[in-house]
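Each of the two complexes below includes subunit A, the first together with subunit B, the second together with subunit C.
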Partner chain A sequence: MTSADRRHQIGGADRPRHIGARVRRVEDRRLLSGAARYLDDIRQPGMLHLGFVRAQAAHARITDIDTSALADLGAEIRVFTGQDTSGLTIKAPAGHDPKSAALPDGHQGYWRMQDSEQPLLADGVVRFVGEPIAAVLAEDAYVAEDAAERIAVAYEALPVVATMAQAQDPSIPPIFAGWTSNVYIERQMAGGDLAAARAAAAHVIRRTYYNQRQAGVPMEGRGVVAAYDPADRVLTVWSSTQIPHLVRTYLAEELGFPESRLRVVAPEVGGGFGVKGQVFVEEVLVAWLALKTGRPVKWVEDRREHLVASIHARDHLHTLTAYVAADGRLLGLEADITVDVGAYSTFPFTAGGDPGMAAKVLPGPYDIPAYAATFRALATNKCPLGTYRGVARPSAVFSQERLMDDIAAEIGMDPIELRLRNVVRTFPYKNALGFSYDEGSYAQALERVRDLVAEDRAAARASRASATTRIGVGVACFIEQSSHGTPDFTRRRVPIETGYIAARVTMEPDGEVTVDIGLQNHGQGHETVMAQVAADALGVAPENVHVRQGDTLTTPYSVGTWGSRGGPLGGGAVHEAALKIAAKLKAIAAHLLQTDASRIALHGGRAVVIGNEGSYVEIRRLARIALRNVDQMPAGMEPGLEAQCSLDGPADGTYSNAVHAAVVEIDIATGKLRLRRFVVVEDCGTILNPLIVDGQVRGGVVQGIGSALLEHFIYDEDGQPLTTSFADYLMPLAPEIPNIEVHHIETPTPRTPLGAKGLGEGGAIGPPAAIANAVADALGVPVSATPLNANTLWTLAADIRAAAETDRDG
Partner chain B sequence: MTIDITLTVNGTARTVRVEPRRLLADVLRHDFALSGVHVGCAHGACGCCTVHVDGTPRLACLTFAVQCDGKAIHTVESLGGVDATHPLQQAFSIEHGLQCGYCTPGFLMTLAPFVDAMVAERRVPEDAEIREAMSGNICRCTGYHGIVAAVRRAVTEQIETGSAQP
Partner chain C sequence: MRPSSFRYHKAESVDHALELLARFGEDGRPLAGGQSLVPMMNLRLAAPEHLVDIGGLPLTDIAFTDTAMRVGALVRHRQYLAEPRVAHHFPALHEAVTWIGHPTIRENGTTGGSLSHADPTAELALAAMLYDAVMIVRNTAGERRIAAADFFEDAYVTALQPGEMLVAAEFPLPPVGAAGAFVEFAERRGDFAIAAIGVSITVADGRIATAAIACSGAEPRPIRAPEIEMMLSGRPLTDPQSRAAGRRLAAAIDPVGTFLTTADYRKALIGELTARAIDTACARAASR
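Coming up: the complex of A and B.
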């Protein structure tokens, strides 16, 4: 089905007018004018400010917390330590009890992992620099910081686990009592006949690849305000989070507070990228302090806290072995995946999330008959690892797509031709692990990119003779599973448990529409897109739709915004809910116009008799009838215009696909890299709003460029973080970034109501692989690790410099 | 210790009593209730907090409020009012130069004088020049593409309509 066909189906006879249109965002006015209210704009009467004393040692026993210097501060200060919050923790266990029933699907189960619990405030031992030790409350934020600085903590050093190697060294004790090693979890998944692949292979190619530790780093850090209202016995918690309902459930369970009296509000959120998709100790602590003190409490993270103690990401080491036929066909793939997940398992995706995801997605867009993976998560004395745009996929695609280029080099085949020979072309396709792919455009996207960069590839070849500047072109071809349904989560036995999105659509007596959706916007333009979707189903204009989100008081229970689910599942839920109201409007109109409801179409604010545009009723009037003048409704019809839909994803999800191409130019003398071009051909199914799709892709790509070239959280051998400011943690700035060229193919999926597939994360997935392949192409050397900063590139160019020297001397 | 200082903020003069250590960003946010001043890093590296002090872009997180006694401060709220009508604000919306919006006031306050200067010269800048003009601001969402396009559009449209004020 083409996208146009699909769109035509949406709303039945009502041809959509707004879905697919380049609609300007309704969010922009308040964001541009400065009127938007972010977390730090929340103020409550009598509010206390929270400052933290955080660990300065990576692994140590706390021997003393000395608060005597607070006495002469001249301010009333309250101090809380781990003794006060004893027993309150972030618990994020994963795994299937081996004694219970067999797994529903053998390839994806985790047996129980070694559990860690992160206390709200350190419980006698600190396990990473930045871990909260004491909470200080003061009437003023500056004074809270003063007070935190005056508290002296004495430590007794414990052995630091600072590297993957140390985490796997049996002579170094585990960082948690009762553990037998520093491995949270180590499991396998497999499918197909790998022995047969080994036996048939003409080439066996084995390589190791590494992606560094980095993170999402939104421009607004985290922050929490909590206030208890004794009149209604309601605790309200404002948090800069992507997952307000999950925060509410966690708080209710951990604090033993009725969930019906808990309200969690995510105000305007200044970026998240997955970082704000966890429940943090600070959220539980601020809520607990508000209950404990009876005063509103506010904490706003500073940038150093964010860089050392929110969430880190990546830090993946993969060793892949490919079994390849003489003609380049992949017969089998083996993967060994190790991830340094830091000091604690995070909620709700756990320590097993990243390595398990890498293992699950490594077969990628290729038809590989046999696959086996071993994956493990290691505990170290570093900031815990959590979700960040792409979640393991950027690393999986880095390894997979570097491997494809390394195979091509080894067997002497063009890398794009090698990919074309191996991509899945027949859909639906069941991969070696049993996952079913919906229809995509893998080969088509590769061919399109091949055309788009043909001249650049010629320029790259021509530069091979240059001793000063080399040009290289690299591609990355990948798919992204998103919108997967509950079975995908229950198989893994992780606390996220499900991934559905709910929307409630209400038409008011004046015909205006309210959409309450369980997403939380942090830049994605949900208010615009959901209004487009509701407007099409209801025959009104997007301006007549008010979208609300982020507040558990008004929105139906949902998992929040993560995993590229907002468009396909959030949009789908709005569509389905709105269709229920549309059906009622049509029934009332048919009653008034004395025709059949199947002959009524909704558009332009009118319910029109199909084929007789002159015969209509204003939708406003229908709303008034349904809610006020109910005597005019068809006999027996229930008053009101409100409908809800909770939309779970299809079991195996949908599969977006894309090909990224990077064209780099490297100065051989200095290692300086210039990105000449970055080209994207992507397919996210039905495009709901091209303005927003392009923006999401481009933003993701530039984050991926940061992953490839710049961003790196560095720890020294003592577990001390060395990148604690924006002077050390480098993100892409405008001058080093080219305009990002984006091309679309639309292959709507039958698996979601609007044909949309996930697209928010994809941009960030391809660049590390595409850029590394371009560097390998330019310099003629294998590239096995990121970041590819000038120092690394200068080292990689050593042979070219040496050859030039020889030429000169000769 | 506190000091009385007088700031003329978005055209209105007001005297406030502040500790000498209080940052201009905090005084504007909390004493003047200007939510458009955003703090992104508090160490002068991201540009989110950019405001105009006597007409020049300054980082409000690296400026003490007492340094601004007697000076005129303009924040994003003064640019195009609650409807964000300034040509650069409109261009940001059309070209999708913002997503989460947190860095946006800083970009606007950095780039508005640049746009004015280009319009006064009646010159549409090259993309590289636009990118250089915003090199002190970090945007994590947009990849800068839409912001570059917005600056180009704001300059071009004002030159074409002749509506620019030198």
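Coming up: the complex of A and C.
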């Protein structure tokens, strides 16, 4: 089925007019004009400001918290410590009772994770630099910071676990009481006959790859305001979060507060990238303080706090062993995955989330009959690891795609040919772990890229003679599972538990439409896309649709925005809910026009008789009838135009695919890398809005370029963070970014209502692999780690310089 | 990331500024473009009790006499780019300024601020060393002149004393026909440099007559390379043996590594940039 056919099916007889169109983002007017209201714009009467005393030691016992210097500050200050908040924590256990649910085929050896609980304020011991020790409340934020500066904390040092090696060293004590080692969790996944693969292999290729620790760095940091209203006993918590309902549930459970009287509001959120997809100690603390003091409390994170104490990402070490036939076919793959997940397990994806995801996705787009992975999460005295755009997949794809190039080099095959020989071509495809892939365009995407970079590859070959400048071309071919349904989370046994997204569509008496959806827009353009979807189903214009989200008071319960699920599941839920209303509108119209509902189509603001455009009723008249002039409705029909749909994802999700290609030019003497081109060929199923797809891809690629080349959160051997400002934590800036060329293939999936697959994260997944492969191609050396900053590239180019020296001297 | 409390004073004139600075001594600090001081205050790396805002003072001219260019302390970085005589007489300075930060930084940052802040790899500090600029410094008692080589003492440390203010930097005009080049290396465009090299040469009969080379990234302040300068004099523009000069400079320095760059890399980079800067300056001189 072509995408056009597929789109024709959407909305039954009604031809889609808005889905797939280049509709400009309705959000942009307020974002660009400064009218948007963010967390820091929220003010409440009598509001107190919260500042933190944060740990300066990576692992230490707190022996004293001295507040005596506050006396001469001349301001009223209230200080809270771990004693006051004792027992309140972030709990994020994983690996519940292995007998409680059936295990899928590939998941062997489940056992409980060693759980860590993160106290709101340090409970006598600090486990990473930046961990909150004391909360300081003052009348203004400046005074709160002055006060926090004056509180002196005395520490007694404990052995610091600063590296993966130390975390696995039995002579270094665990960082949590009662633990037997610093391993949160270690498990296996396997499927297929690996022994057979080993026996049949003509080549065995084993490599180790590493991706550095990163920060997430949305433009707006975190922030929370909480206010208790004694009149109706409602606690309102505004938080710059991606998951308002999950925050509400967590607060209700942890604070023992009725969820019906808790309201969580995410105002305009200036970026999240997954970082704001966890429930944080600060959120619970601010809510607790508002209840405790009876005053509204506000905390706005600063950039240093964000860099050291929100969440980090990546920090993956993978050793892969490929069993390869003489003709280049992959017979089997073994993976050993270690992730440094820092000091605490984060809610709701837990300490096991990153390594588990890497293990799950490593077979990638290739038809590999046998696969086995061991994965582990290590506890160290560093900022906890959480979700960041791509979640483990950038690292998995880095390893997988570097490995493909290393195999190609080892067996003397063209790397794109090697991939073409191995990609899955028949769908649906069941991989070695038992996951079923929906239809994709893996081979087409590779072929398209091969054509697009043919000249660059020639230029790269020509540059091999140069001692000063080398050109290289690298590709990364990958799939991205998204639209995960509840079964996926049941399998993982993490507290996220569920995967549905709910939307409620209401047509008002004037014919305008309100969509309330349990997503949380923080840059994805949901308001635009959901309006397009609702408009098509209801026959109105997107301008007539008002999309609301982020407020638990108005939106139906859902798990928020993450995992590239907004388009396929959120869009699907809006579509399905809107169709229920459309059916009602058609029935009323049929009644008025004396025809059958199946002969009515909705478009252009009208309900028209199919084949007789002159015979119609205005949709807004139908709305008025359904809500006000109900006497004109068909007999027995319930008044009102409101419908809800909670759409769960398919058991195995959907699989988007893409190929990224990077063309790099490297100055051999300085290590300076210039990206000459970056090409994306992607397939996210039905394209709901091409402008937004391109924007999401480009934004993701920029972040992926940061991962590949620059962004590195560095700790020293004492667990002290070194990159605590933007002077040292280097983000990619405009001059580092080439024009990003985006090409599309559209293979709609039968697994979601609109044929859409996930798209939000993909851009960030491919670049580290594509760029590293391009570097390896340019320099003729293996590349095993990121970031590839100039100094590193200079080191990798040493042999080329040495050869040039020899030529000159000899 | 909020500054501790301070008192703000707007200077109405240079004399008023000097009076205020004299009164506050150690506790006072001039505020010029604020591009370095304000971030430091937000990070609480600086916590002056009194800020003397000199940003509105009329020290905003780039003036030329027969022998020198005098740059007022409040000349904004972008002004160098708008004054054709800067590029004409001080090509390496002109080129250096294009490397300072980003457009907003160049719009707000001042010469006095940059030189007084003395970041080890600030472009203006390197240019001041390269062209033997003289710092004109005042306090309520009077004025003193300090050679650039004596002014920059260490990273973020200058010869300025409490109560003193830089009012101008004076750049002696090089002989007519001097050529120059400035090359820099940073991880990203607009960052403070990992290393930078400025070269200025005078030419006679197709050969380098005199050369000046200044380097940042080798030490916590910009340095000159007198040995290399001597080596270059007399060399033909068409073959200045720049590689050898670069290697020689790299061998002579002992930079410290950081967690982002190793000492070896800095050394090699400085050698390479030296060669490139010399080649560019010679090529420019030869093409005239």
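In this text, the second predicted complex is superposed on the first by the 799 of 810 C-alpha atoms of A that agree within 3 Å, B and C clash if a C-alpha of one lies under 4 Å from a C-alpha of the other, contacts with A are read in each partner's own complex, and residues count from 1 in each chain.
Throughout what follows, a contact is a pair of C-beta atoms (placed from the backbone, for glycine too) under 8 Å apart; a residue touches a chain by one contact, two chains touch by 3 or more.
What you are looking at is a predicted structure, and each value in this text was computed from that prediction instead of being measured.
In the superposition on chain A, contact of A:Pro735 is made with both subunit B and subunit C. By the document's definition of touching, neither partner reaches A:Pro170: not subunit B, not subunit C. Once the two complexes are laid over each other on the shared chain, residue contacts for A:Gly178 go to neither subunit B nor subunit C.
Contacts of A:Asn789 after superposition: subunit C is touched, whereas subunit B is not reached.
Between subunit B and subunit C, it is B that contacts the larger number of residues in subunit A.
In the superposition on chain A, contact of A:Gly614 is made with neither subunit B nor subunit C. When the two structures are aligned on the shared chain, A:Arg303 is found in touch with subunit B and with subunit C.
Of the two partner chains, subunit C is the only one that A:Asp716 touches; subunit B does not reach it. In the superposed model, A:Ser725 lies in contact with both subunit B and subunit C. Of the two partner chains placed by the overlay, neither subunit B nor subunit C lies in contact with A:Pro230. Shared interface residues of subunit A (contacting subunit B in one complex, subunit C in the other): 142, 302-303, 725, 727, 732-733, 735. Residues of subunit A touching subunit C in their complex: 141-142, 145-146, 149, 302-304, 669-672, 710, 714, 716, 722-723, 725, 727-728, 730, 732-733, 735-736, 789-791, 794-795.
Listing the residues of subunit A that touch subunit B in their complex gives 24-25, 27-38, 40-41, 142, 216-220, 268-273, 302-303, 522-525, 691-692, 694-695, 698-703, 725-727, 731-735, 737, 739-740, 763.
Residues of subunit B touching subunit A in their complex: 19, 21-22, 29, 34-43, 45-46, 48, 75-77, 79-84, 89, 92-94, 96, 98-105, 108, 127-128, 130-132, 134-135, 137-148.
By the touch criterion stated above, subunit C contacts subunit A in their complex at residues 1-5, 43-44, 185, 187-192, 194, 259-262, 265, 268-269, 272-273.
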